[in-house]
Amino acid sequence: MRASLMPLHDHKGGLMIAVKATLMRDLTLMLRRRGEMLNPLVFFALVITLFPIAISPDPELLAVIAPGLLWVAALLAALLSLDSLFRSDYDDGSLEQLLLAPQPLAALGLAKVAVHWLLTGLPLALMAPLLGIMLALPAGSYAVLALSLALGTASLSLIGAIGAALTVGLARGGVLLSLLVLPLYIPVLIFGAGAVQAAIMGDGVSAHLAILGALLAASLMLAPWAIAASLRISING
Amino acid sequence: MAFSSFAEFLAMGGHAPYVWSAWGVTALLILATVWHARVEQRQLLNGLKRRARREHARSTGGAQAPLNAARFTSVEGETRNDA
Amino acid sequence: MSLCLQARQLACERDDRWLFEGLDLDIRSGEIVRIEGPNGSGKTTLLKILSGQHSDYQGELFWNGVAMSDTREHFLANLLYLGHAPGIKSGLSPLENLAWYQALSGESGNEAQRLEALESVGLAGFEDVPSGQLSAGQQRRVALARLRLTPRALWVLDEPFTAIDRDGVAALERQLVAHAQAGGCVLVTTHHELTASSLLRRIALG
Amino acid sequence: MWAFINKLRSPKWFYAISAKLQPFFWVAAAALILAGTVWGLAFAPADYQQGNSFRIIYVHVPAAFLAQSIFVSMAISGLVYMVWKIKVADMAATVMAPLGAAMTFVALFSGAVWGVPTWGTWWMWDARLTAMLILLFLYLGVIALRGAFTSRDSASRAASVLAMVGVINIPIIKYSVDWWYTLHQPATFTVTGRAAMPMEMWVPLLIMVLGFYSFFIALTLMRTRSEILRREGTKRWVQDLVTGQPEEKR
Amino acid sequence: MRASLMPLHDHKGGLMIAVKATLMRDLTLMLRRRGEMLNPLVFFALVITLFPIAISPDPELLAVIAPGLLWVAALLAALLSLDSLFRSDYDDGSLEQLLLAPQPLAALGLAKVAVHWLLTGLPLALMAPLLGIMLALPAGSYAVLALSLALGTASLSLIGAIGAALTVGLARGGVLLSLLVLPLYIPVLIFGAGAVQAAIMGDGVSAHLAILGALLAASLMLAPWAIAASLRISING
Amino acid sequence: MSLCLQARQLACERDDRWLFEGLDLDIRSGEIVRIEGPNGSGKTTLLKILSGQHSDYQGELFWNGVAMSDTREHFLANLLYLGHAPGIKSGLSPLENLAWYQALSGESGNEAQRLEALESVGLAGFEDVPSGQLSAGQQRRVALARLRLTPRALWVLDEPFTAIDRDGVAALERQLVAHAQAGGCVLVTTHHELTASSLLRRIALG
């Protein structure tokens, strides 16, 4: 028998510390690569540029399809930036360590998603009105466009993170991710684009926005658990 | 002179917001680039001077070797004489 | 309080081949247990099962006498696992990497501790370089600094000596022995020969 | 020729010679831009159709010219760097990119503002406008790519390759968007040299264009010198220069 | 002095063997992950279904915008699959070995691009008419749609491979890749979508297709060298 | 014909720090040259420069007396480089991986050769398993099989012993000595102690 025995720790909390550190870490990583933070925005702008070129420069036609185009392009921009959400952590082994931390994985995953939204969804929403001008979006719908995108992209980040967690262990997960996630995005897309169209028609937008809010609330409650479970599965592979 | 008064000049025949915002943004960007270039140059020179002072202090103090000294040490077992 | 990790009738099959079968293990405080075996004999797989990352196995695991599934939180709070990949973010400096790991275990710690840990693994002067610009061995050393920084009783180390130079290997070996002597426990795989010690126990696979 | 290239290879030589050239271009830029501004804003006659909104031309056109020329200069610098390994060329390319992006932005912004009184809209999908927008993206791409590498050598070479690929594509893009849809004003400065507008409007524009080019050269010289300090800070001659020690005699 | 000296090889060709083996290797790898080969196709189909949902289900409106939408969606699908063109080779070290092979790198790179086109561009072109039906694309333009896509995606693969080679060493290269490559795609898009629109109008399409062919010829001549140079840079980094 | 790789006044700077400066090297047939040095001293960097992957250095390289840039093709035709990453595609079987490497060097080879090479590294029975399902050491062994399969005079090996078990290390050491004795040349970094041999020469960095 040895004299000194190492004391065993009880799991003693510190959840807030861990969550805050994870938020800070991801923010630092994203902001440090200055250029890359802008990438989803640039992608958004580029895709919006492609449509008039490919379809027609006619402002009247563009005005009709603008809400849909803007929403689809923002959705794709958010989707594409998702792939890297967990991948670099997986590749360098820190995802393994995240899973072995004595903290609820759902909370840590949520912190990562929050950073993702803050640095992609929110800027996309803020930038959309500018691109709206270029697509000749009728006046009066700009605020609704930004608001619906801000609400909607939060749900998109949450739902998309489930897909990202499921595919993180797979090579070429990128396109598979789209396949898994896009069908789930459709409700958000319908009510998001619907809100902007309603604003253009002059109809009330509160119903649409309320549904977007409800979708967000639901994803906030369910997605973290799904993300945690999916990460466990991916590490197991 | 295309304008008869200063007020008219400012009004730009009703096109003031357009003309002045276009000129304003241009002027702002040009001045900002010049300002940035000057600040950049000054900071770099100051940084280099500070470093030179530090190196100087270190070399006269003689305590540590400078960080960028040659580190390669030896090639051992050179048996042949390559002429 | 002494720790004890037990496995009963552990078995794992990969591609219709049994890597191990009917494996009984008792790992206790004060031991260094080295899992041995040629390449492909299942050492990594065993470590992943024991640290709860792999669930595709048969048999039972117990932590201090309690079935693992019931005491996972407590087990994790006392486990430090270092796998083949070092888990170091290349965009963050060594200091920032360590800060995150400390926070993950629920402590905010302080910078002096982290600086000291980095110095102890020979990275003084590299604290603020992005880790991606360190050499292979230096990156692993950042990960090894966690051994000093976050005190955990059970260390599970998969090939910790990879890419570490001679002096580093000797220092790490001393650290393992010291940990076991202090009542901790080390589970390690390596192809390096470890210096014989009364604390060292071997488990051979394959 | 080779002697000149070998001289260019030495940042030290460039640092010395640019110190002499720099003031000249700064003075030229300040004088020309000031003269052009006063003439263009106050003395040039108003356009018979567009009225005074036409005065935007004096920033719009120089910026648009510069935006395109800078990209070409950047590609040429990239080529020089790749072929002859002249580091100064790459340093110049590095500092040109942000200015080029800024000028592209100025052209876009002033054009968009000008569009409201003349075309009744901020933006339309016209060939020249679209090509300019794409040029902005090309600039952003070069800047982002350079920033994404940790190794300076790789960053330089990658940015050079992209600038060269981009510059091959600029005429193709221009040609294809022209084919696609065009509405913008035709060229003011034609090869035959005959101006499409009255002399009193055209001369200040020419002065402004020359002023912008001088500004571009002056700023590039100045910032290339900074870039030399940044990259060669450990070199002996820079340290001597900074501490003001006399150069070693040989 | 030692008795036996190992003979030194001269570089003795075998380029065809190396190119053929690289083609086979990439084909095998892609086909083995059966699911993933389908991903660009599924992405294409999903994006095309998003538009009617987000814009309007009105067939007349859809018919007008169909050529543009189809081309943009195909372009995005091809773009997204590019990211993995060199990345997995980079990650596992075989790109290093490709560069150290005593063979012209441009030829080996071209072989990889050819496989990429064969398994994404070509299937996209073949599938597009089917989606055209869903978007109420007017009859008579289906063959031109497929042909223009087949020609165009080849250029897209070549140009995109330059971007993929430049960004392969970078974390989160994905979105940066889009930024680099999309501006260069615009000529192809204009003439590709233009060809389909001309076919709908009943105008001659041969001018458009000829230009697409010329673009392809130009990229075939220049891109391989740019790809090789870019790969060398990335390995250096 | 004897081979000779020379470096003159080689210097490499990383982050304002000189990894090495004024390095003169002469590497000839019949030698095993081991680059030594602690972690981060620049061994990997040196190997990458010598094998022509890194161009960010000062100084000159010569291959058989000719400046490297003029004889790159010939140099590459005689070089076998194995880096930190094994270069094995996880989706392909060991056999398919080797076939590609053989073709890259311009030979089509035959299956019997490849099977024999795999057997020599102890992978008999694993020829058709996807390489991704092999253990860390087994994957490296697939890469090492190339040493036998494609005969090249100059071997440049960065930590070839990583993840290899004891018997494997001994066998590989014998192989290196045999290669040098046959008139080849080996340039190697490793933190393992190599058995002393009259062919072995050391270069210390850092």
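Letters A, B, C, D, E and F mark the chains as written, and numbering starts fresh at 1 in each.
Everything below uses one rule, namely that a contact is a pair of C-beta atoms (placed from the backbone, for glycine too) under 8 Å apart; a residue touches a chain by one contact, two chains touch by 3 or more.
Note that the structure is predicted; figures quoted are calculated from it, not measured.
Enquirer: Select the chain at the greatest separation from chain D, using centres from the mean of Cα atoms.
Expert: It is C.
Enquirer: Which chain lies the greatest distance away from chain A when centres are computed from Cα atoms alone?
Expert: Farthest from chain A by mean C-alpha position: F.
Enquirer: Can you work out the whole-Å distance between the CA centroids of chain C and chain D?
Expert: So the centroids are 56 Å from each other.
Enquirer: Can you check how far apart chain B and chain F are, centre to centre, with Cα atoms defining each centre and the answer in Å?
Expert: 43
Enquirer: Where the centres are mean C-alpha positions, what is the separation of chain A from chain D, in Å?
Expert: About 37 Å, centre to centre.
Enquirer: Can you check how far apart chain B and chain E are, centre to centre, with Cα atoms defining each centre and the answer in Å?
Expert: Taking the mean C-alpha position of each chain, the two centres sit 41 Å apart.
Enquirer: Where in chain D do residues touch at least two different other chains?
Expert: Within chain D, residues 134, 137, 140, 144, 148, 150-151, 153-154, 177, 180, 233-234 contact more than one other chain.
Enquirer: Counting only residues that touch at least two other chains, what does the list for chain E look like?
Expert: Each of 33, 88, 91, 171, 176, 179, 182-183, 186, 190, 236 in chain E touches at least two other chains.
Enquirer: Considering chain F alone, which of its residues make contact with at least two other chains?
Expert: 13, 16, 41-42, 55-56, 84, 90-91
Enquirer: In their complex, what parts of chain C are in touch with chain D?
Expert: The touching residues are 130, 132-133.
Enquirer: Considering the complex alone, what residue numbers of chain D touch chain F?
Expert: So the residues of chain D touching chain F come out as 151, 153-154, 233-234.
Enquirer: Which residues of chain F touch chain C in the complex?
Expert: 14-15, 37-44, 84, 122, 126, 129, 133-138, 141, 159, 162-169, 191, 193
Enquirer: Applying the document's contact rule, which stretches of chain C touch chain A when the two form their complex?
Expert: 1-3, 29-30, 51-56, 64, 73-74, 76-79, 81, 83-92, 96, 99-108, 151-153, 181-184
Enquirer: Quick one: in the complex, what on chain A touches chain E?
Expert: For chain A paired with chain E, touching residues are 33, 35-36, 39-40, 42-43, 46-47, 49-51, 53-56, 61, 64-65, 67-69, 71-72, 75-76, 80-81, 83-84, 88, 91, 171-172, 174-176, 178-179, 182-183, 186, 189-190, 193.
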